[in-house]
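We just call them A, B, C and D in the order they show up, numbering each chain from 1.
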Amino acid sequence: QKARDYGVEIGVMKTGKLNSITDVDGVKVGHTTRVEGTTIRTGVTAILPHSGNIFQQKVPAAIYIGNGFGKLAGISQVQELGNLETPIILTNTLSVPMGIQGTVKYTLGLEGNENVRSVNAVVGETNDGGLNDIRGMHISESDVIKAIESATTGQVQEGNVGAGTGTIAFGYKGGIGTSSRLVPKSLGGYTVGVLVQTNFGGVLTIAGVPVGKELNKYPFKNAIEKSDGSCMMVVLTNAPLDARQLERIAKRAMMGLAKTGGIASNGSGDYVIAASTAESMRIPYQTRNTTDNGGVLRNDEMSALFMATIEATEEAIINSLFTAQTMTGNGRTVESIPLNRVISILKSYGVIR
Amino acid sequence: QKARDYGVEIGVMKTGKLNSITDVDGVKVGHTTRVEGTTIRTGVTAILPHSGNIFQQKVPAAIYIGNGFGKLAGISQVQELGNLETPIILTNTLSVPMGIQGTVKYTLGLEGNENVRSVNAVVGETNDGGLNDIRGMHISESDVIKAIESATTGQVQEGNVGAGTGTIAFGYKGGIGTSSRLVPKSLGGYTVGVLVQTNFGGVLTIAGVPVGKELNKYPFKNAIEKSDGSCMMVVLTNAPLDARQLERIAKRAMMGLAKTGGIASNGSGDYVIAASTAESMRIPYQTRNTTDNGGVLRNDEMSALFMATIEATEEAIINSLFTAQTMTGNGRTVESIPLNRVISILKSYGVIR
Amino acid sequence: QKARDYGVEIGVMKTGKLNSITDVDGVKVGHTTRVEGTTIRTGVTAILPHSGNIFQQKVPAAIYIGNGFGKLAGISQVQELGNLETPIILTNTLSVPMGIQGTVKYTLGLEGNENVRSVNAVVGETNDGGLNDIRGMHISESDVIKAIESATTGQVQEGNVGAGTGTIAFGYKGGIGTSSRLVPKSLGGYTVGVLVQTNFGGVLTIAGVPVGKELNKYPFKNAIEKSDGSCMMVVLTNAPLDARQLERIAKRAMMGLAKTGGIASNGSGDYVIAASTAESMRIPYQTRNTTDNGGVLRNDEMSALFMATIEATEEAIINSLFTAQTMTGNGRTVESIPLNRVISILKSYGVIR
Amino acid sequence: QKARDYGVEIGVMKTGKLNSITDVDGVKVGHTTRVEGTTIRTGVTAILPHSGNIFQQKVPAAIYIGNGFGKLAGISQVQELGNLETPIILTNTLSVPMGIQGTVKYTLGLEGNENVRSVNAVVGETNDGGLNDIRGMHISESDVIKAIESATTGQVQEGNVGAGTGTIAFGYKGGIGTSSRLVPKSLGGYTVGVLVQTNFGGVLTIAGVPVGKELNKYPFKNAIEKSDGSCMMVVLTNAPLDARQLERIAKRAMMGLAKTGGIASNGSGDYVIAASTAESMRIPYQTRNTTDNGGVLRNDEMSALFMATIEATEEAIINSLFTAQTMTGNGRTVESIPLNRVISILKSYGVIR
């Protein structure tokens, strides 16, 4: 169950039907979850901006880096060319090479890509080395391809799945979370969807309530606790945005993370990948045209999308905590957030009524 | 009175003695306030990282841009050379040229600068055109020099002073605000001080409480309200940081802004100027040495400073609202936050006890 | 006379009719030249991307910084919003404030701008403090407005005019230079025009010939000579480019500078401002549309424009040297390049035949 | 034989003893060359900034991107933390995942790294898909580890070796090239070494002579030829530079590329990795100190290093062409530069005397 199911409201804008990144039309999500023996607790999550051949029909995209202690692959080509040509893959830190390898092989193998010799895979990661034997590098190419090929529209699994299988956030079990926002019709009626992989720390704050402080669990309390970790954020929208506008959107996701109490600590890899799914903005790999379609949303129309991004990111992070389960792995147990206490704290602050 | 005087606690870290940017040893602040006739409501605020000749003893510095709809002068040289060589000046948008002119003349005129032919003035601004006749361009060189020369250590005036004289935030009267944090001794014992000029919008959030929502005053409520505006943030610390580390610090200030409900709307100029006042990091204009002093704080030691920056920025913004007064100017009246109602909301959320 | 008039050919692409930035349709250039008494040797150059109200009909633009030891105003807003809303002004370092002030007042005063309260002036500079009494800050608002208002299409004055009046390049008299390139029809038929203000050093290289070495005039020869200085480069094109593509264009101008022997020394302010004059790309200040026009040139179509930019920048820099005249000012004489010797060196290398 | 062995002098500064990146004390280079059957023409080149455990003794580093159509891994962590913690690996585009995998396994396996769970591999690439069956993804982890472990100081093999085995530049056989420069003692006496993997196009220019034009082989001649391709540039120096200064150095390498006629075409991945080998600048993975050593070279001292970088990059690129051999692979033959004709052209221009 998501935070909203417990009565937690974040922000002032409406969510989409599923309160999920898949509220953005055509978006698909797939997971490969690897829970094996006592030490493997990891996985892969794939996010597809549309159902076609993404290499042949690229989408405008941008990447913003909140804090760059991370290994996300594919940054510079997205920034230079302003587009995304593969599914977005999330996994663990040391499995980025297999993430690329799997994504490249998947792409080379698609019909129509027989002569393709260059593929820019976008593969993000956080370090699940607390619960997972990360040095074992257990993710394989086929785990990656499986995540891509199993991706579906509709309901998205959250919590201990895919790339969120072994992650930890605010000292509790983190994972995959998702949320969405609808921009009012008069402001364009666009949808913004966010999916996160949470693996970071700070003073956990839910809908403004300093839950981490109340639970007495936060960094620097005794001047000794660490708060390192990372957060991957994927923002998709059907608004017709180009790379420049998407970079602006991406920057706002970090503001959503800030509202959950994250501090982007030194050891964080906080990355935001933003893309537009608008059909009018597709960038064909090959075409006789010398220009791409346009009709980019004006600067003046961006602010509502910014707010939607902030709210959906904040809520996606909180959802990852509400949906994650206690997990034991690699000789360690990480508890899920203590739901009863959290709810009672939220009630005492008047946030759940 | 600052927010803390009403019992509002923001974050988990301790403030400095004055809860002000001047808690960073040697820092001085000065204001020129221009409230004249019915239309002039503007001013200048000068922040000096140390009391010496700043051009001769430059300080490491960085500038981060949250949203760049603004005219801040001096960006590229700070980014290239990694240092600041003048006081930091804040004023209104159309007075940036006079801000530069005044700062340059002040600098050229200092003893020891007789042969200087190039000065990089750092001048930030927000648009006070709501309460002030901004098109009149009323700030003069001497207003700027006066702000610099009147700067003092100790207590900092907040609210409707200097560059905050005519600004508006969250629909209420904004202005100058300041706050500070002390990093625990075991983590270095450094001080971080922040001063802001608030002139932006969003869903006002105080210590996590959605005050703007409770007051029914926030953007996109009726899909018609605008939330444009800007925020200048100055972060100073005595930690020995170089330009790279300071840029990381600067990015965190935007996370503090996010926690107040700011969304960095399209029309925002959200700029952070961060500098280190550590004596060991001074960069002499002329010297026989071919290297500069070092001893830069390690990456691993940064996280507590990040948290301190986030907290101090959040509180500085809130302080600007608590200290500002209702102002009439240019045919318009902007109320200060309704203190009684705000306090009662904060009490109902258990934030003031 | 330009370099080409002496038989010097740079690159492999064709020039436009005037071999000038004004070969880009609609572009206007104006100069205010101030040569007064024995110490004033400075000026202003204004470049207008089109003849209309630029604030009301903004053009897509980007700024790239080769080396940022400079004071160019307007950077962040161009980078954030991707557009230019004023004429581009070039002047001396300490006259940037008057450059902004003049440009703002010009813009506020235009018909239709009566309610404008925010203007982002783009004002570049190099330091003419060798030949000019720069500390005197002699440029006034009206010098700036005069340069804008006197701008015309057609032939552009080069050498010791406008912002190039007192500048020095490669140890010789520098100044304003311009050049253009035509992209072959089959590649789009676009025009690229470049205008430069040269004030930098290195090993002067003309069409590949190490003229500076032959003349025994280059930096670090005796491990004592300085090569500081700056170069402002303005690139305009009628190709339909957005801000992202223009930033790519702007980066290529630095490659043209490299070919003249420039090294972008520590003290250089090497800035490139690139804008598209294509009518289809205009960005109206106010409109009922929520999207801007599109039809942006595809990434695949960019390479010829890159080459055109490199060649035109290289030739514009060389033209500034060929057209500049020996100048005495501020107690110093700087010779123009020794034309006869240069031509004889170029002949001995087979570059002039 | 290098270009200089034929009498070609590039620039005005002195080379190091070997005119190679290994003139920088302690630097090692290793190659794995894979020429098998008729279709495999590829390899790996490893560059080690020092002989110790690089993860435990990181070096300050920066990455600059001339044009980002490429897949270089490791960018964001280098940019955020300002350091390099692995050997630098170069290979082909689709072998980046194996490049990372091999580098990570090599690093995890080093004595002292038993508990390391996060490694930022820096792996560059160009696309050798003309002569090599790149879709076959023939490079293995062990090819990468072999390149690292076989690295030596002293003479560096150039031309068709390692990552240069199958590359093409200016329509001729490219490959690995290297060069170095010595900064005069009075300016610090530092060494700058550059190694490149050339796989790009433009109008080939050797020591200023438009050889490509004379050979009638250059892009856009018939408005049909493509000039895509990439160049990886590695710059090492023993000057005590931090990440900010190294980024400035890295930008100058693109200026060296420009002088060879490169245009950084749309399809180019032009990346520069710069690092300082100065022992005083080492960044230990673990230490009780809270600050790193300092003594960073002052901004004022940088210009000679900039010139050294430009010259060494230009010459390294030319060396790659002089040392490469005609290669047949994947059903295609690419000739080496026609040495006799090139020399005769250079003589006719007076560049070889």
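To be clear about the criterion, a contact is a pair of C-beta atoms (placed from the backbone, for glycine too) under 8 Å apart; a residue touches a chain by one contact, two chains touch by 3 or more.
Predicted model only: the values in this text are computed from it and were never measured.
Comparing each option in A-C, A-B or C-D with B-D by residue number, the pair that reproduces over half of the contacts is A-C. Taking A-D and A-C together, the chain pair joined by more C-beta contacts is A-D. When chain centres are defined as mean Cα coordinates, C lies farthest from subunit A.
Superposing the C-alpha atoms of subunit A onto subunit B requires a rotation of 180 degrees, rounded to the nearest 5.
Interface note: subunit B and subunit C, two copies of one sequence, contact each other through mostly matching residue numbers (shared numbers exceed half of all numbers used). The distance from the centre of subunit A to the centre of subunit B, with each centre set as the mean of the Cα atoms, comes to 32 Å. Distance from the subunit A centre to the subunit D centre is 35 Å, each centre being the mean of its Cα atoms.
Centroid to centroid, with C-alpha atoms defining each point, subunit A and subunit C lie 43 Å apart.
Counting partner chains per residue, subunit D shows two or more touched chains at residues 67, 80-81, 248, 299, 301. Subunit D contributes residues 65, 67-77, 79-81, 93-94, 96-101, 104-105, 108, 117-121, 127, 129, 134-135, 137, 269, 271 to its touches with subunit A in the complex.
Chain contact summary for the complex, subunit A toward subunit C: residues 80-82, 188, 240, 242-244, 248, 283, 287, 289-299, 301.
Considering their complex, residues 11-13, 66-67, 184-187, 202-203, 205, 207-210, 213, 218-221, 223-224, 226-228, 248, 251-252, 254-259, 262-267, 299-304, 306-307, 310, 348-351 of subunit D touch subunit C.
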